[in-house]
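Please find one structure pasted underneath; my questions will follow.
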Amino acid sequence: MVLNQVTSMSDPSKDVLETFDNPYPQRDYVIDTVAPEFTSMCPKTGQPDFGTLTISYVADQKCYELKSLKHYLQQFRNHGAFYESVTNMILDDLVAVTEPRWMKIEAAFTPRGGIRTTVIVEHGKQP
Amino acid sequence: MVLNQVTSMSDPSKDVLETFDNPYPQRDYVIDTVAPEFTSMCPKTGQPDFGTLTISYVADQKCYELKSLKHYLQQFRNHGAFYESVTNMILDDLVAVTEPRWMKIEAAFTPRGGIRTTVIVEHGKQP
Amino acid sequence: MVLNQVTSMSDPSKDVLETFDNPYPQRDYVIDTVAPEFTSMCPKTGQPDFGTLTISYVADQKCYELKSLKHYLQQFRNHGAFYESVTNMILDDLVAVTEPRWMKIEAAFTPRGGIRTTVIVEHGKQP
Amino acid sequence: MVLNQVTSMSDPSKDVLETFDNPYPQRDYVIDTVAPEFTSMCPKTGQPDFGTLTISYVADQKCYELKSLKHYLQQFRNHGAFYESVTNMILDDLVAVTEPRWMKIEAAFTPRGGIRTTVIVEHGKQP
Amino acid sequence: MVLNQVTSMSDPSKDVLETFDNPYPQRDYVIDTVAPEFTSMCPKTGQPDFGTLTISYVADQKCYELKSLKHYLQQFRNHGAFYESVTNMILDDLVAVTEPRWMKIEAAFTPRGGIRTTVIVEHGKQP
Amino acid sequence: MVLNQVTSMSDPSKDVLETFDNPYPQRDYVIDTVAPEFTSMCPKTGQPDFGTLTISYVADQKCYELKSLKHYLQQFRNHGAFYESVTNMILDDLVAVTEPRWMKIEAAFTPRGGIRTTVIVEHGKQP
Amino acid sequence: MVLNQVTSMSDPSKDVLETFDNPYPQRDYVIDTVAPEFTSMCPKTGQPDFGTLTISYVADQKCYELKSLKHYLQQFRNHGAFYESVTNMILDDLVAVTEPRWMKIEAAFTPRGGIRTTVIVEHGKQP
Amino acid sequence: MVLNQVTSMSDPSKDVLETFDNPYPQRDYVIDTVAPEFTSMCPKTGQPDFGTLTISYVADQKCYELKSLKHYLQQFRNHGAFYESVTNMILDDLVAVTEPRWMKIEAAFTPRGGIRTTVIVEHGKQP
Amino acid sequence: MVLNQVTSMSDPSKDVLETFDNPYPQRDYVIDTVAPEFTSMCPKTGQPDFGTLTISYVADQKCYELKSLKHYLQQFRNHGAFYESVTNMILDDLVAVTEPRWMKIEAAFTPRGGIRTTVIVEHGKQP
Amino acid sequence: MVLNQVTSMSDPSKDVLETFDNPYPQRDYVIDTVAPEFTSMCPKTGQPDFGTLTISYVADQKCYELKSLKHYLQQFRNHGAFYESVTNMILDDLVAVTEPRWMKIEAAFTPRGGIRTTVIVEHGKQP
């Protein structure tokens, strides 16, 4: 059986991300989200990459909705992306959509050639 | 067998929280309480959520009594609540009842859809 | 907010369990299912109990469907049941519905009064 | 960027599996292979599944070549398959290609809905 | 403050143990009970000993009640007993009261003089 | 057998604590002592409590002798004490006897009712 | 300061081992003793060796006394002994003194030259 | 079979290191690379050493390419180098080639003679 | 600096293995040796492989000497060998030199392409 | 067999410590050395003590040579020393010989009487 829904050939888009109103904008508090099932394709070798994304942020007016975050990340499944680029791109997309007071992403990838890489990007300063 | 005592249909109330006099108010010291058996309901899907609450505080004149804290948290068993809201609400309730010099709650929820979330809220500054 | 869907006052029923045809009945093979979010009520104290169920079986003609298993187990959320009874009852229900060649359940409950209990029940002999 | 090499729309085929001559057919010995980066699609929900395959076998005349095994398993990336079916199918394919004296596969999948499943299939008896 | 209830000067007695009817006597199944807070006194040095008792049994007609087991074990708090004797004595008491089909106790004590000891006693054969 | 030496009915006293001269008073250095076998009685329920004390200090002229510390802590075995009080009391006693430049105690108690508590008290500032 | 008591220049002797009467000779039960602080000297290099001894036995009429076991093992501190010899010698000594129904020793030594060794010796068959 | 490609007798050279353009030079972000399969030769004893290198850096205009990093590190396989020298040398080489805003290397070597060593070197200050 | 002693271009030879007389040939006992620093070259890719060898045996008249075992294994450092072949070859060499009553080798290699392999070979039956 | 080389009756001396020139004095970098096989004698009880020393330092002109450090530490094997004294003494010796920019020693001893102690001493401030 071949599934239609995962063979979309277009680039990942932040349009699938949905937000809801931050229920406590009067307070600076941290939301940590760990997504251990991230996978994309290496553009150089055509081989799949696997990693764990840890996203931490202090929301301002908007929080991302978790199911839409999952769908957003699943768009990378058949998408070619280098570690450094994809982590920065995801930060840019999440910042654009949620406009947080602070956000940080740690992307820890599984070993390739016996070497493993983690990319850590940050937007703003933790309040 | 169907039990009466867990089917109260009202919202969680901080009225069940009891306090006792801080035995050493002259000293700033930290009390950590870990409650790994927190459970509530997802208002969107109607599915149960599970999590571990870590509450840290420096009491002023009042400490919360542990058994009453347990009963307070059990009120969420059949209560619908989003992660971000419920964590802030519990902090507000505990602050209102104990009026601490500082309090922080870390609520670590079990994975949903392969993604797990931790919400960290704080009241005041650790002395 | 008080949710309607979790306040059903009736006893747990195996009628919610659904099955699908075993795709390889010609082979004896083992399916392990771990459900770490089981919770029920202690009939004596009215306090919630928490545990992890590990169900292992060799299907004959029928496998249980996982989503229906989850709904079946969620019925115990507000149900009063002793450790030994509830574990045997779940085994009886799953055996009645799937008629397996062999089934075993290990139910590991969290500590009460500093003591933790695991109940291990088995139906038939592992082929 | 959208990659061509992962969008093959056909079913997984054992034809990509390559073998080499068992260098010590005169001795019964065990080869364990652990592939922690297995991923396929749930045919019911269209969501990706993730798992770790542990393949153990006693080769007769042929061993599978590891790079070809990796390519064989990557074919499931966009393929819809239930846990029980896919594990049995992979065993059938590897048995057909290598004709081993004994083979066993344990497929441990990550949690879905708070429940995790492991399927254990075996061909022949361990010598 | 000095408490009255723990200063009973008499020897531990199995009379505090209570039982309830085995809810599934028609099935041989295992109940594991782990009591990590066992403490007694060394009769030679007068120093406290600490240990973890793991009691496993297949009940016949009677199961021990957990709260009464806790009270039974607490009787050893100020009681002098050697490792080997106390483990055998507890097995004898539990066997006398519950008349099980099989019972086993592993008593793992914390290190003394850099050496730690575990005593493993068994009654009957596991069915 | 009932032992005489543990049935002293009086309150814990710091008089059993012995000290020796700090061998390097000219240097600020830290001594960590971990006592995992602390036990006292809950004054409310009459049930035993168990915990691990971690005592850290920078001595001035006097260090506490370890064997006398053990005897001091064993005095709490049959003594009723709340978590918050007993931790502060032990700090006060150790400070009175050793007059340290800095001292901190972390007392981590085992779970009661599914909830575990750690009390952290400090005297002075770590040099 | 140089201590007299550890500089005895003679070979280890089983004469320091003391026994006490097995309190339950009518029952076959297992006593496990773990001694993680064993140290001897390599006769080839003159360097100290370190290891953990795990002694398991079913006593007949005599049990070894733990303090005397500690003194027996401390005799090897300045004694030259190869791994294989010392483990067999300790088994012979303990068997000669306690005449057990069964005894087994696992001696796990720390790495030397990046390689670590465990020697496992057994007397009789476990009843 | 003796391989030609690893027997190059010359010293390690940074010329094999390749770089690519930092895709986000406008942002200070951290790249962590863990290489657990580093091996070199002890110049004193002629014995192989093994270690894990953790390289962290904030790139300026250039990132090192991972495959070329692997080849660079493999040059040390038959190269004699002391721990302190080799760690500083690798830092110098990577700094020369990538000109980062900040770089740090932790080199954790496996035990020799029961003692293990970690060398931590840093270039610049973490932004 | 380029070292001479590791650049021997010849194949590994069992001639470097030395033995000593089994000190207790009258007893069947097990010697486990774990060598976590094994490394060889992949003949296909020219890349280094890394693994942990666990060798277990019951000696007859001869034990291998550990330092000579280390030198024997170091011969593979620049030698090309497939996993399955090298493990069988080492077993053959050690059996030829020590003529044991039983021997088993587990060779666990680090991941390549996300897949890790363990080869388990055995000579004779464990007594 | 009784060995001569470990029975030296004199006090530990820093004269056995050798140094080599710091290969990168122009850079402040940290060297961590972990020695888990430290053992000395308790002067009070005559019993052996065991511990793990972690030595961290920033060298100025001189680094200690590891083999000589091992010999230096082995001198304490039959030497009587209290925890607090021996840790400070080792720091004084290493500082005298290497004259570092900064040095810190953590000495973690195994439990005695159920209590374990760690002594942390520091010379200078970490650059």
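Going by the order they are written in, the chains are A, B, C, D, E, F, G, H, I and J; count residues from 1 in each one.
One rule holds for everything that comes next: a contact is a pair of C-beta atoms (placed from the backbone, for glycine too) under 8 Å apart; a residue touches a chain by one contact, two chains touch by 3 or more.
Being a predicted model, the structure only gives us computed values, none of them experimental.
Student: Comparing the two chain pairs, does H-I have more C-beta contacts than B-D, or is it the other way round?
Tutor: H-I
Student: How many angstrom lie between the CA centroids of chain C and chain J, rounded to a whole number?
Tutor: The mean C-alpha positions of chain C and chain J differ by 57 Å.
Student: Taking each chain's centre as the mean of its CA atoms, how far is chain A from chain J in angstrom?
Tutor: Taking the mean C-alpha position of each chain, the two centres sit 47 Å apart.
Student: Where in chain A do residues touch two or more of the other chains?
Tutor: Where chain A meets two or more other chains at a single residue, that happens at 36-37, 47, 50, 110, 112-114.
Student: Mind listing each pair of touching chains for me?
Tutor: Per the contact definition above, the touching pairs are A-B, A-D, A-H, A-I, B-C, B-D, B-F, C-D, C-E, C-F, D-I, E-F, E-G, E-J, F-J, G-H, G-I, G-J, H-I, H-J.
Student: Which residues of chain D touch chain B in their complex?
Tutor: Within the complex, chain D contacts chain B at residues 47, 50, 110-114.
Student: In their complex, what parts of chain H are in touch with chain J?
Tutor: Checking each residue of chain H against chain J gives 82-85, 87-88, 112-122.
Student: Help me check something: in the complex, which residues belonging to chain C touch chain B?
Tutor: 1-3, 5-7, 9-11, 36-37, 39, 41, 43, 46-48, 50, 74, 77-81, 110
Student: Give the list of chain G residues in touch with chain E in this complex.
Tutor: 22-24, 27-37, 63, 66-67, 69-70
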